[in-house]
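Labels for the chains are A, B and C, by order of writing; each one numbers its residues from 1.
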Amino acid sequence: MENLQKKIESLLFVSNKPLSVKALAKFLEAKEADVITAADELIQARAENGVIVLKADEGYQLATASELSELVKNFLNADLREKLTEATVEVLAIIAYRQPISKAEIEAIRGVNSQYSIRALLMRGLVEKIPNPNDARSNVYRVTTEFLQHMGITSVNALPLFEELVKQIQLPEVPQAKAEGTEESENI
Amino acid sequence: MHKIKIQQFEGPLDLLLSLIEDQQLDITQISLATVTEQFLKYVKELTELDPTSLADFLSIAARLLVIKSKAILPTLEIEEAEEETGEDLAAKLVLYRQFKEVAKHLKKLDMQGQQSFTRETVFSQRVSFFPDPEVSPDALRDSVLKVLQGLKELDNLPKAQIREAISIQEKIDSLQIMLSRQIETKLSDVLKTAKNKPEVIITFLALLELIKQRIFIVEQTELFTEITIKQYEKTDRESEVEIINSNPA
Amino acid sequence: MENLQKKIESLLFVSNKPLSVKALAKFLEAKEADVITAADELIQARAENGVIVLKADEGYQLATASELSELVKNFLNADLREKLTEATVEVLAIIAYRQPISKAEIEAIRGVNSQYSIRALLMRGLVEKIPNPNDARSNVYRVTTEFLQHMGITSVNALPLFEELVKQIQLPEVPQAKAEGTEESENI
C-alpha cells in the first residue's frame, strides 16, 4: 500500500492536470478503492509539508501549502489573484455546498439568471461543467482543484459545515419544518 | 417609509432581503407583504435601467402581489398562486440568505489571499511531436462551428429576455384602451389575453398600478366570485376594494 | 527549522530549475548554513517518498524517485499519445482559425478556463507560444508548421471555410458590471 502511495505521488508530480481516481486506478492497474485509500493516506502524510495534496471531485493534485502563499507568490513574481465579485462568490458558494448542481437549480436558489457568473467561474477554472450523472443530456457544475488552490484549502471537506454557517438563519418558529423540507428537496 | 436605494442588486431575492433587513423584519409572509410596494417601486425604476433582468424581478413581483392581495383579501383565489405560496417564498428567501452567509465565508477566504500554487512551468515545454491522427482540417472546422453555436446562444440570451419583458407601460396603455371601449371587464378575461406567464405577471402589475392611481377599481360582489374591473367613478367609492394600500398593512 | 524545510520544499516545487543554497538563502532571508541544514534534513525526510529532493552541483531540485522512473515515463508517454479530448481539439481549432491568439481570448471565446488544453497542445508540439507582437509582456499562440504539414496543408488559410469562419469568431460582449470576475487570473 505504501508503494501505491509513492506511485500516486510521483504521477501527481509529473501530471499537468489533476488526476482522477479512475485515471490513477487504470494506469496503476489497481482497484479504485485501493487508490482512494492510498491517496487519502498520502493527503494525511503530506498535510504538514510544504507541498500538499489537494482533493476535489475531479481528482488529486499537488500544490504548495496555502500558508506559504505569500512566499511563493513573491518567488514566482505572480500577480495577486483578482478577488471574486459578489455575484460570482454567491454562485460559487452554492456550487461548493450543493455540488453537483445544475444551472436551473442555482438560478432557483438565487432567483436570478446566473449565466454570466457561471461563465466567469468557468473561465477562471474555479468550477467545471460535467454531464449530469442522472441525465446525460444536461450538465451539472462542481468545484475544481483550482477552487481549492484559490481558497487555500485541501478539499471541500475542509469548508465549515453548511449547517454551522447558517444556524442563525432560519425561518421563525412554526414554518421551520417547511424550510428543512425545502432544503432536502434540492439534492446535495 | 424607507427610500428606495437605486443600486445594483444581485437579483430580486437580494433586493427583497435588503428591503426586509432595512426594516429589521423577520422573514415572514407578513413582512413580505409589507415590503411589496417598495419592491414594485424598484422594479418600475428597473424597467428603464436594466431590461435584461426584468423577467426575474417580475416573477417575484407577481408572487409578492399575490401574497399582498391575499393579506388584504383572504378570500382571493388566484390560480397562479397555487404553485407557490407565501410560505414557499419566505422559505426560499431564507435559503437564499443562508447562501449569502456561506458566500460571506468564501469571500473571507478569498480576502485572506491564502492560496496554493501548482507547478506550471516545467511541463509547458514541448516534449515531442504527438499529433492525434483523427484531428483533420474538417474536424477543426466542425469544432469551430460548435464554438460559434455556443457564442450565438450567449449573444441571444439577453435579447430573448428583453423580448419577454413587454413593458408595463404598454400594458397599462392597452388596458386603458380596453376599458374605454367597454364599461367593465372581468379579471379572468384580462388574464386570458396574456400569452405566457411573464405577460400574466405584467398584466397584474399594470392593473395594480392603475388601481393605485385610482384610474381603475375592482369589485367582488361575493366571496369566491369573479373580480370585476371598472373605470374609477366617484359614486363607486363605497364598494371599492383596494388591493394595494398606499400604506403597508 | 522545520518551517525553513517547508519553505524550501515549496520553492523547489514551483521553480522550473534547480535552486542553489545561495539563491535559497537570499530569497528566504536565511543563513546559508541554515539552508544547507534544512535542505539536507529535507532530503532525509523525503528519501522514501515518491517525490524526492535531489542535490547536484547547481543546487536542489524535486524529482520523482528513481525506482519509479519507468512508471513515470510510461505515464507521460501514454498521456501524450492519447486521443486529444474534445476540449483540447476545440482549443486547437480556435488557435488554428484565429491565430495568433492569447490565452485570455481563447477563454473568452470558449467561456472555459483552457490552461490544461493549451499545455497539452504545447507539450505535443501542435501549437507554440510566441511573444505578443502588440504587447511584449504577454504571449500568443499559433499552430506549428509541423502540425500543418501533418494535416497536409501549408497554411491555415487552406482550412475549410477559413475566410468565412475567421470573421465569425468574435469575442462575446459580456455586460460590464458582471464581467469583472472574468479576467485572467493565472499567469502562464
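Note that in this section a residue touches a chain if its C-beta (ideal position, glycine included) is under 8 Å from a C-beta of that chain, and two chains touch if they have at least 3 such contacts.
Computed from a prediction, not measured in an experiment: that's the story for all the values here.
*Asks:* Looking at mean CA positions, which chain is nearest the middle of everything shown?
*Replies:* Chain closest to the assembly's C-alpha mean: A.
*Asks:* Given the two chain pairs A-B and B-C, which is bridged by the higher number of C-beta pairs in contact?
*Replies:* Result: the pair with more contacts is A-B.
*Asks:* Taking mean CA positions as centres, which chain lies farthest from chain C?
*Replies:* Relative to chain C, the chain with the farthest C-alpha centre is B.
*Asks:* Give, as an integer number of Å, the spacing between the C-alpha centres of chain C and chain A.
*Replies:* 22
*Asks:* Between chain A and chain B, what distance separates the C-alpha centroids? Give it in angstrom.
*Replies:* 31
*Asks:* Centroid of chain B to centroid of chain C, CA atoms only: how many Å?
*Replies:* 44
*Asks:* For chain C, which residues are shared contacts with two or more other chains?
*Replies:* Those would be 10, 13-15, 76, 111, 115, 119, 123, 175, 186.
*Asks:* By residue number and range, which residues of chain B touch two or more other chains?
*Replies:* Where chain B meets two or more other chains at a single residue, that happens at 52, 117, 119, 123-124, 154.
*Asks:* Looking at the complex, which residues from chain C come into contact with chain B?
*Replies:* Interface residues on chain C, with respect to chain B: 10, 13-16, 76, 80-81, 83-84, 86, 89-90, 92-94, 96-97, 109-111, 115, 119, 122-126, 128-129, 144, 146-147, 150-153, 158-161, 165, 168-170, 172-173, 175, 177, 186, 188.
*Asks:* Give the list of chain B residues in touch with chain C in this complex.
*Replies:* Residues in contact with chain C: 8, 52, 117, 119-132, 134-141, 143-148, 150-151, 154-155, 158.
*Asks:* What part of chain A is in contact with chain C in the complex they form?
*Replies:* The contact residues of chain A facing chain C are 5-11, 13-17, 27, 48-51, 62, 64-65, 68, 71-72, 75-76, 78-79, 81-82, 84-85, 87-88, 116-117, 119-125, 128-129, 146, 150.
*Asks:* Which part of chain B faces chain A closely enough to touch in the complex?
*Replies:* Per the touch definition, chain B meets chain A at residues 10-14, 26-28, 52-53, 55-56, 60, 87-88, 90-92, 94-103, 105-107, 109-119, 123-124, 154, 157, 161.
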